[in-house]
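Okay, got some structures for you below.
Here come two complexes built around chain A, the first alongside chain B, the second alongside chain C.
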Partner chain A sequence: MNEKFILRKDHLTGFLRKLSKGHRLVAPVRNRYGDLMFQVIDSLETTDLDLSEQAQESPKAFFLPQEEVLFSYEASGGIYDFRPINNSEQTVYFGLRSCDISAILYMDVIFLRSPRDDHYMKKRKDSILISIGCNTPGENCFCNATRTGPFLEYGFDLQFTDLGDRFFVESGRARGDEIFSEWPQFFHPVTEEDVRLQYQLALEAKAGFRRQIHVEPAFSKLRDDAVDTAVWREMASRCDGCGGCAYICPTCTCFTIFDRMESTETGKRIRAWDSCTHAGFTRMAGGHNPVDMKIDALRRRFMHKLYYDYSAFRRPSCVGCGRCVDMCFGGVDIVKFIDIVCAGTRKRTRDSRRILGDLLLEAGLISRTDLEKALSRQADTGEALGKILMDLGLVTCAEILGVLSLENM
Partner chain B sequence: MTKQTADNPNNQMVNSYTPFPARIDDILVETEDGNLKTFRIVLENQKDISKWNHVPGQFAMLSLAGRGEIPIGIASSPTEKGRILFTVNRAGVVTKALHQMETGSRIGVRGPLGNGFPVDSDLKGKNIVIIAGGFAFTTLRATLVYMLANRDNYGKITVIYGARTPGMLLYRDELKEWAGRNDLEVHVTIDSEAPGWDGLVGFVPTIAGEVAPSPENAAALICGPPIMIKFTMPPLEKIGWTDDQVYLSLENRMKCGLGVCGHCNVGPVYVCKDGPVFTREQVQRLPVEF
Partner chain C sequence: MTNSIEELRGAEVIMVIGSNTTEAHPQVARRLVAAVDNGKNLIVIDPRRTAISEFADIHLQIRPGTDIPLLNAMMRIILDENLIDDVFIEMRTENFSSLRDSLYTMDLNELIAITGVTAEAIGQAARMYARAQKGVICYCLGITQHICGTGNVESIANLAMITGNVEQSFTGVNPLRGQNNVQGACDMGALPGVFPGYQPVQDLETRKKFERAWKKSLPENLGMTLMQMTHSGRDGQIRAMFIMGENPVLSDPHASLVKETLEGLDFLAVSDIFLTETAELADVVFPAASFAEKDGTVTNSERRVQLMRRAILPIGKCRTDSDIIMELSKRMGYRMDYEDMAEVMEEIALLTPIYGGIYHDRLEKDWGLQWPCTDRNHPGTPYLHKYSFTRGKGRFVPAEHHPPDESPDSEYPFLLMTGRVYHHYHTGTMTRTSEMLEREAPRAVLEIHPDDAGSLNIRKGDMVKISSKRGSIEIEAEPTTRVMKKSLYTSFNFRETPVNILTNPAMDPVAECPEYKICAVKVEKVGHNE
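Showing the complex of A and B:
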């Protein structure tokens, strides 16, 4: 392990062709709608891989399909028989991102702790994972905060780094070493310059994040039960319960199980993605639901991802891929939640009526005497402080909006 | 496909979503409203029968072709060889279909699942109080039958069982039989006076307050509606019972029964895998949603 080689870019197709012989190859491809998706590649001659950015969806569905047959059954006369179905194929995954690998490692914990899930285990045993580090983190990425990227130390069979005209390739598992020794014709020794360049690119990637997400402070707030009910209520009011966040999330593995009849005698038992934001996720036969309200369901969701999993595994089950940010049209994504929680608790230390006043004071836009005057008028009239300050001609609307937006950053 | 391993002491089935083929051997209507039936189940394959071994308090998934699976507590004791009992309330899609089935019908059984009552460890040598309300008596019946079959392992055993009316009591014949035993104290109560009933009248918490024994070297196993559990605790606490002596069995929506699918997750625990039996002390630490 930890062997390092150079693969020339013009040798990539040849390498993947050899490697995927007898295997299925899954890699990111841009479809005609412009979506970048992990797809099964039938022919490398006619399909162009696209490694330019993070794929729109994680490869979760290849390990936990949106719908998966657990077994088929036959029930007639005196029999009710079950035939287990093997859904797995030997597969090479190429072009995974560090967040995708981290998510698979998380799924391993969920599905492979005792009792093991044999459907998942077969797919994992049949997989070769090749990732590519992210030289330029995407717009919504924050894997630096969840410590799941942009480059990884372990978890991959091979990790690629784009060095321009060549890939720097390192192995993270014995399977990776086997690939090096099996196809030596593709791999050249690394030079000191290659090592230096790879190191520098990984450093620059860490500096390239546009978002600063306070994952660990959010964990502390949740641990201390310091999230205001108003925050949950506001988020709940904006959640439509569509389940999109759970479906797009590479670590959301909840599923439901149901039967699909094919005739009166035959059918299949199926497991399918489910989401804790769906009404009825926790509803029992007879109608009792311990997590009845949207607000409780949301609290359960974020507590699970950011608190309980963090407590159990010393890392959140959020891998910082940022996919839920674009998915949720209500803004009920994990990034927004963390932002609000961390900002909200900072405010909570002050008298809430004075937040705007304090902000304007700090910004030097009003004096303390101005503020006292406005507050005493507010005590009489009950008007909004901002309106009073504007009426008194002390600040403009733009100045108020300015300090509020600073506060939200 | 299934195997039991040494690191799996609770006889949890490993590695499969596939049920054992089974048939309904007998059906008994338990209650006057017809909504509760006890199904006697026999596994079809000899190898499954010899492998089957459960702990009172565990549950299993019952499978109906085309309808799906439901988690049901096992009402029989492992000492009752050759049959597995499930007392099922008609409540949803699968239970409704199950209630329409006849003797001889084929179903699937997946289990045993979860953790039962610690009958062979923490409860051994202790005085036992079993408190049950309504149709939550099922896994406690399993526990009681197991304890009576291993009578020397336990001290004094007290049973407090209540239902709305005499006709809503489960296992009526056995209740009579147990009442006649001298190594067991049985208090059966109904909510309000009814013609022909000459037994106790009053809610379970009230009766528990009157007859509950000392908490010294004792454990209480309580199953019933949440409201019953809530009101049963104060009279017990008054005479010195603590939460770590009280065992409860939780229920929640479940799909896999293996601690994977997420439906029964409460805070850090999965009711199916870490329970369904918890001490009240453990339950108190769970988040508010429960």
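Showing the complex of A and C:
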């Protein structure tokens, strides 16, 4: 594991073609309305993959479909005959983002704990996960705060980094290594320069987040139940209970089960996505709802995302993908929520674009003149700030890493 | 809509009147919330405390059916405080003096008293809207479904015109049309007096144009309105009907009369995707294909024509609406040979000036085109009335208070309003077959003010009987301060509580839109629902 190779960009299609022999290939494609979606690729010749940004939806539906038939039944003479349904297929997922991988790891915790969910397990066993790190985080992304991106150290079978004309490819699991050894013709050894550049880009990405938040203070406030009721009320007043945030969320795994009769003798048992923001999620048969949706519509959701799941599994169930922010019709924004919760505990807001420079300044690792010099060179060359500072011999990689992880505490 | 939905973002003040936007038009509500978050002002006028009213700077909770006195009071204040836009009135409108004179003859205090809202709140709202550089008004069925619906709309137009809040971006008057294609249906001539594109059937030239294209002589007299057709009783003039995708047995007022009318027909055919209450009365039922099973276009509230593509083949023996029409037409001796929907669209473009430049290939990209779009190079029209109104100058038409057809009295002391719930669409023929939506909203409840509930000894969950002169239904009560005292509210989405048995078919004489929003009822407790 943790082997590293270079794959030239013009060899990507050939590589994917090999991989898709015997596997279904799922990758992000832009449809005619401009939406970037994961879809099954039938032909690599006629479909253009689009790796430019995070896909609009996570690949959750491939593992936990919005509606999934668990089994069908047929009754005759009072005897039921149940037929299990296998919904799984050997699949290569290409172009996942770090948050997508992290979300799948979280789903594993939910579905592979005992009692194990066989439908999910089959799909997971049949999957190969290939991710691409995010050189430029998206507008609402905050995976740096949840520590689920922009690059990962484990969880993927292969992780790609875009180095311009080539991909830096590293394996995170035995399955990845198998791929390297099965098709060695595509993979070239990495040079020192490649390693340095990859490291560089991963660092730069960390400094590129537009929305800077701190999850830990929110975590402790939620733990101590110190969030003002007014905040919950405000959130609830914005929520229409559409369930959109849970449906789009890569880690929301709540489902409901119902039987769909097709005739008096036949039918199906179906599992479908559910959401804690639906009133019917907790409403009891007599009509009483123990949750007051006017106050607490979103309390449970945020508590789970930012506190319960973390304390139960040591893994936040919010992977910072930012998707629910755009989804909500009422403007419920988890990033703003965290900000509001943390108001008072935060030091000050910063222009996140300059955060790396500021941090290094604060830590006394560079002087203001150094920073200005580097910034003016950046204005000319467009190079990454960290790279310039390192090229100028002002800081080391380790120092940059140091301040960035301090920032995340 | 005179504007585009997206333009709501740029308005300074948005006034929402008679629209439960959050539940009925979530895509519009989302823009309203975003506008408020960006520091814009929102005025909501609604007798109910709706979700969107919680975001309002000013919520005028008027008595149902008092929109005209309210709007007149606002205009009077604007006039008295000289907040009118003289230049606009002078250049772009006519008949202002009659509005002014009529406003001056009214007693402001009297107007205010009718609405039940404080003078202060009305004054604030009037000033806020009049002072805005860019003010938008959105209205919905709370305005039109009244006996004075036309007067209501004219008053809104008066208010927008005296303050000059029309004809530039981020201003205007916007009726929010329901459903994805009501606008499209009207555009295509599903109205009694017009061909597609609002071309009058009584105009000889127009008629000739269509006769040449369709090679048939066409009637010059106006058709009948929906209400005339569905409320004529057992022995009505119409003897046979073909109803497509509509469920009037639940959706039209005075529903028992509708049922009687349909039962009295010699022949009834219905096409729908599920067997509706109306289809159950039919001699012949055509199983129709759903939106996902056909190609075509829909035109939404903001006049945007959008292409929809078939996602799956029609299931079972169902067929698309166009297929059903073409096949019927062929059997009745008139061949319609359209290869596909693109060819139908071409015919629309040829015969309908406002759709003149709209072709399928142009709709492929982006989010469609907004009419008027008169030729292939025309980019579409995001907002109407840019340089002049459709009829030239905007004409002021003063309106006076017109009390509801049916006012509460000692026998029927409550005023019942009807609307819809978030999770269901119209009479629920489609949405109620979705397990999730049905779980979310399995039944209708009657909203009643806690004081009224208390005096009738009604608790949450009790079953009550509500009756009007036309009939009665039983329904579960929910005491809530969302409604004012002496007013009740429920939704018409549920067949178990067919509230249109109660509603009043009295209608606006011009638009012939029935007064769904107000009827007088009484309430009696019948038991507790367990």
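Criterion: the second predicted complex is superposed on the first by the 338 of 409 C-alpha atoms of A that agree within 3 Å, B and C clash if a C-alpha of one lies under 4 Å from a C-alpha of the other, contacts with A are read in each partner's own complex, and residues count from 1 in each chain.
Assume a residue touches a chain if its C-beta (ideal position, glycine included) is under 8 Å from a C-beta of that chain, and two chains touch if they have at least 3 such contacts.
These numbers were taken from a predicted model, which means no experiment stands behind them.
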- [ ] Using the overlay on chain A, decide if chain B and chain C clash or can fit next to each other.
- [x] fit
TODO: Could you tell me if A:A398 is touching chain B, chain C, both of them or neither one (first, second, both, neither)?
DONE: neither
- [ ] Scan A:G286 for contacts with chain B and chain C and give back first, second, both or neither.
- [x] both
Open item on the list: One more residue to check, A:G241. First (chain B), second (chain C), both or neither?
Closed with: second
TODO: Have a look at where A:A272 lands relative to chain B and chain C in the superposition and call it first, second, both or neither.
DONE: second
TODO: Classify the contacts of A:D296 with the two partner chains as first (chain B alone), second (chain C alone), both, or neither.
DONE: first
- [ ] Classify the contacts of A:A207 with the two partner chains as first (chain B alone), second (chain C alone), both, or neither.
- [x] neither
Open item on the list: One more residue to check, A:D118. First (chain B), second (chain C), both or neither?
Closed with: first
TODO: Using the touch criterion from the header, give the chain among chain B and chain C with more contacted residues in chain A.
DONE: B
Open item on the list: Looking at A:F329 after the superposition, I want to know if it touches chain B, chain C, both of them or none. Which is it: first, second, both, neither?
Closed with: second
TODO: In the overlay, answer first, second, both or neither for which of chain B and chain C A:T256 touches.
DONE: both
TODO: Report the closest approach of chain B and chain C over their C-alpha atoms in the superposed model, as a whole number of Å.
DONE: 8
- [ ] Across the two complexes, find the residues of chain A that touch chain B and also touch chain C.
- [x] 256, 258, 274, 286
Task: chain C contact footprint on chain A (complex, rising order) - done: 32-33, 237-238, 240-242, 256, 258, 260, 270, 272, 274, 278-280, 286-287, 329-331
Task: Touching residues on chain B, where the partner in the complex is chain A - done: 1, 7-8, 12-19, 21, 63, 65-70, 89, 91-95, 104, 106-108, 251-253, 255-256, 258-263, 265-268, 287, 289-290
Task: Interface residues, chain A side, partner chain B - complex - done: 70-71, 73, 75, 78-82, 84, 110-111, 113-119, 253-259, 261, 264, 267, 269, 271, 274, 276, 281-286, 290-291, 296, 299-300, 303-304, 308, 311-312
Open item on the list: Quick check: in the complex, which residue numbers of chain C touch chain A?
Closed with: 22-23, 26-27, 29-30, 33-34, 37, 51, 54-55, 364-365, 367, 422, 435-436, 439-440, 461, 529-530
